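For reference, the structures are reproduced in the following blocks.
Two complexes follow with chain A in common, the first pairing it with chain B and the second with chain C.
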Partner chain A sequence: MIEILSATALATVQDFGRFGSLGYGVGTSGAMDHLALALGNLLLGNPEDAAAIEIPLFPFEVRFVQDCAFAVTGAACEASLDGQPLPPFWVAQAREGQVLSLGYPTSGSRAYLCLAGGIDVPQVLGSRSTQLRGEFGGLQGRALQQGDRLAALRPGKSALPTDFGVVSPSQALPLQRDGLPAMRVLPAAEYECFLEDSRAAFWAGEWKVTTQSNRYGYRLEGTPILPKAAMEIRSHGIVPGVIQVPHGGQPIIQMRDAQPSGGYPKFGTVIEADLWRLGQAPIGSKVRFIECSYSEAVAALEDNQRYLEEVRRLVELHGLASR
Partner chain B sequence: MSTASVSLRPHISLLGSTALLFEAPGELDLAPQQRIWSLALQAGQWADIHEAVPGMNNLMLTFTKPPRDLNGLCERLLEAWEQSQPLPLEGRIVELPVVYGGEFGPHMADVVAHTGLDIDTIANLHCEPLYPVYALGSHPGYCYLGGMDPRLATPRRQVPVISIAAGSVSIGGVQTGVSASAGPSGWNTIGRTEMSFFDPTQNPPAMLRPGDMLRLRIERIIR
Partner chain C sequence: MTNQEIRQLAVWLKETHLAGAEIRRPGLHLVLKRSADEVAVPARIAVSAAANATDEPLLKTPGLGRLLLTHPEQSDVLASVGSRVEQGQLIALLQVGDLLLPVRSQRAGRVTAVLVPCGTTVGYGEAFMRLDAA
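So, the complex of A and B:
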């Protein structure tokens, strides 16, 4: 059990997301950085998709109301337990009464606090993720508040090893263009309906993550993307990663709290394997995009999976060594 | 308004490695929508398909894992479409009172300006049809309605608004619908109603399903 000490808003309980209810209008929600969530869970011996706290605003503090093993992953945010610094992507054992503090990130923008066994909130429609628009899932369907208490499914002194870490996804799977974080994009249905100059400018340009960027979507700023002719499209299903271009020409990338349907013209889709990179791009930072094919998008997912498998093996080795 | 040219053949496109989108040819209409419902029932059973999600004369298939043989899947989908028969779902009829205009219809002026019609005509034309629910989407419990009078068609907004109220009755292109909860939208809101569309503790959680009918009734017009 932990208690939230910060008045920080916007922290939510998330797992991989809610699948199977798109046909009721329910989007998936889920962690903005699936890799960071999976890593934290692997470090604790949890299922990869166990629920954790996603923290987008800092500083952030919690008190352990009882002993519990935990891991902090995602943004490098100078975590400390009762003042003792913890390296990034690290698993540790907390004792009752200890305070975990997360500072301002030096890189990345979202941290994940994972607890042994995962966060114990009820599953709603098959997931523990917070559905903010629908006001269900997570803790009472809302962002966490000061004084909230959350239980772990496996509290107490951990039988598994603690005090070790793993290499971060940004080190293990680097992807940059001209010094900026890059994401691979697969062109979508209306790609050819945009002006050739606009298409070229999209791939060549730098894109700023504006202040109007959140779990619903990232609104980017750069050279406007203009269509050959105005388009009105019938509403259809969409997924996180889809890059919509409203009439104004500034793209909006759908993120994990995105609506499950939409109708603005689609330029492309940030591939699932790279969506975590965007989830870690801070507001005000700049990113670039790289065109890719379907087979490259599938291969990128396999790269992510291989990395998680290596981490799983490493965690098992720690377990053997500590016996 | 500008409308995309009407295509004669179905179109399939990718949504990254997560999903694909099938778009039926022709004008937006109930008969092709009934074939979409039929296609969704079939495709939802296929290997590697997680969900088959009807939209407005289109269908999204999400993948449990990215299919190895994408071309094979596309061919199977086109074949299933060619053989599909309209699935006439006939659900309940639900009546909703709507207040048009004023604070409840913050974008009524834009629809007036675009269509050249006055508020009374807009409200009356909007209430005229018995609207079939074509699909659910957007947010929990939201229903896309087919059959709006084409004279009311108004393009989506240049920039989506950050929030419109629950119960908002709005127009996006030739489509119309009723918001189930407050949230962002790119559509033009012309009125408001009150109804609970979604309860996550119920099975199914959405109150309406494709094939149900909505009858809108003018409660009041604020001029």
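So, the complex of A and C:
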């Protein structure tokens, strides 16, 4: 069990997300960087999609009320346990009374604190993710506050090895264009309705993540994307990753807590396999987009899966070797 | 451990091209080293207490992998020349595939030399850092 010590905002309990209820208007929620979440869980021997705390604002401090193994993944944020520095993407054993502090990130924007067994909160519609708009899931459907206590499903001294780490996704699965982090995008239904110059500018240009970017959506700033003619579209189902272009030509990318429906024209979709890259792009940073095909998007998902499988295999071997 | 078991160990070392093996158990300290193409006959079987960390200033690698002096996500060197380290402090990382294993200092001291460039593939027991009593 841990207690939140810092006056924090926007930290929420998330797992991979709530699937199967989009048709009822329930968005997926879930971790903005699902790979970091999966890696923290693999380091602890948890199921890959066990719930953890997503931390988007720093500094962040918790106290361990009980012995518990934990992992900090995602943004490299100067983590320390009772003052002892912890490397990024690392699993460690905490003793009762120890304090874990996370400082400002030097890379990435969201950190994940995973506990042995996963965070113990009730499941709603099959997931422990926090649905902020609907105020359910996670811890009482809200962001965490100072004084909140969260239990782990497997507290105590871990039987598995601790004090080791893993190579991060940005090292293992690098993707850049002209020195900037890049994401692959599939052209969407209304792609052809945009001017050719605008389409070319989208792929060639640098896009800044503005301050109006959060779990609901990212507003980007760059060369305006203009349609051939004004479009009025009825609201329809959309998923995280969809890039909408409202009047004004500045794109909005739907993220994890997006509305499940919308009526703006859809220019493209950031592929599922690259959503984590966007989730780690800090406010004010610039990104690039790379056009890809459906089969390339599927191959990218397989690359992610292969990396997680390899980490799982090595962590298991490490566990066997340490006995 | 019988002579037959030791001979079997020697054959396995040769087959797997390993340079040697060291086994410590209460009442047993066995060191096997390969020399040239032939596996050497066991050098000694000592009934002795396990050796303590010596005053030897050289720190040796704990296993096979890529020795990293900086974490890939960070820019600062973990233990720079001239800095003081505490016992148990993380001074390097050993990369084995996607895993990063800690290399922690066995004792306190001052780093006087780094003997291996960051990213070198190392074997077991290679000297990589000189640590003098601070």
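Convention: the second predicted complex is superposed on the first by the 323 of 323 C-alpha atoms of A that agree within 3 Å, B and C clash if a C-alpha of one lies under 4 Å from a C-alpha of the other, contacts with A are read in each partner's own complex, and residues count from 1 in each chain.
The working rule: contacts are C-beta pairs under 8 Å (C-beta built on N, C-alpha and C of every residue); 3 or more make two chains touch, one makes a residue touch a chain.
Values in this document were obtained by computation on a predicted structure and should not be read as measured data.
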Applying the document's definition of touch, where does A:87 land relative to chain B and chain C: first, second, both, or neither? second
### Message
On the A-aligned overlay, A:136 touches which partner chain: chain B = first, chain C = second, or both, or neither?
### Response
first
Request  = Could you tell me if A:25 is touching chain B, chain C, both of them or neither one (first, second, both, neither)?
outcome  = first
_For A:10 in the superposed arrangement: first (chain B), second (chain C), both or neither?_
neither
Taking the superposition as given, does A:235 touch the first partner, chain B, the second, chain C, both, or neither?
first
Between chain B and chain C, the one with more contact residues on chain A is chain B
Next on the checklist: So in the superposed three-chain picture, is A:107 touching just chain B, just chain C, both, or none of them (first/second/both/neither)?
Outcome noted: second
Note: overlapping chain A surface for chain B and chain C spans none
In the complex, chain A touches chain C at residues 76, 85, 87-90, 106-107, 163-168, 170-172, 307, 310-311, 314-315, 318
Chain A partner, complex, touching residues on chain C are 71-75, 90, 93, 95-102
As the complex stands, chain B meets chain A at residues 1-4, 11, 13-19, 21, 23, 28, 50-60, 62, 66, 70, 135-142, 144, 155-160, 172-175, 180-181, 183-184, 186, 198, 200, 204-206
Listed in rising order, the residues of chain A that touch chain B in the complex are 19-27, 124-125, 131, 133-137, 186, 188-189, 216, 229-242, 246-248, 252, 259-264, 266, 269-273, 294, 297-298, 301
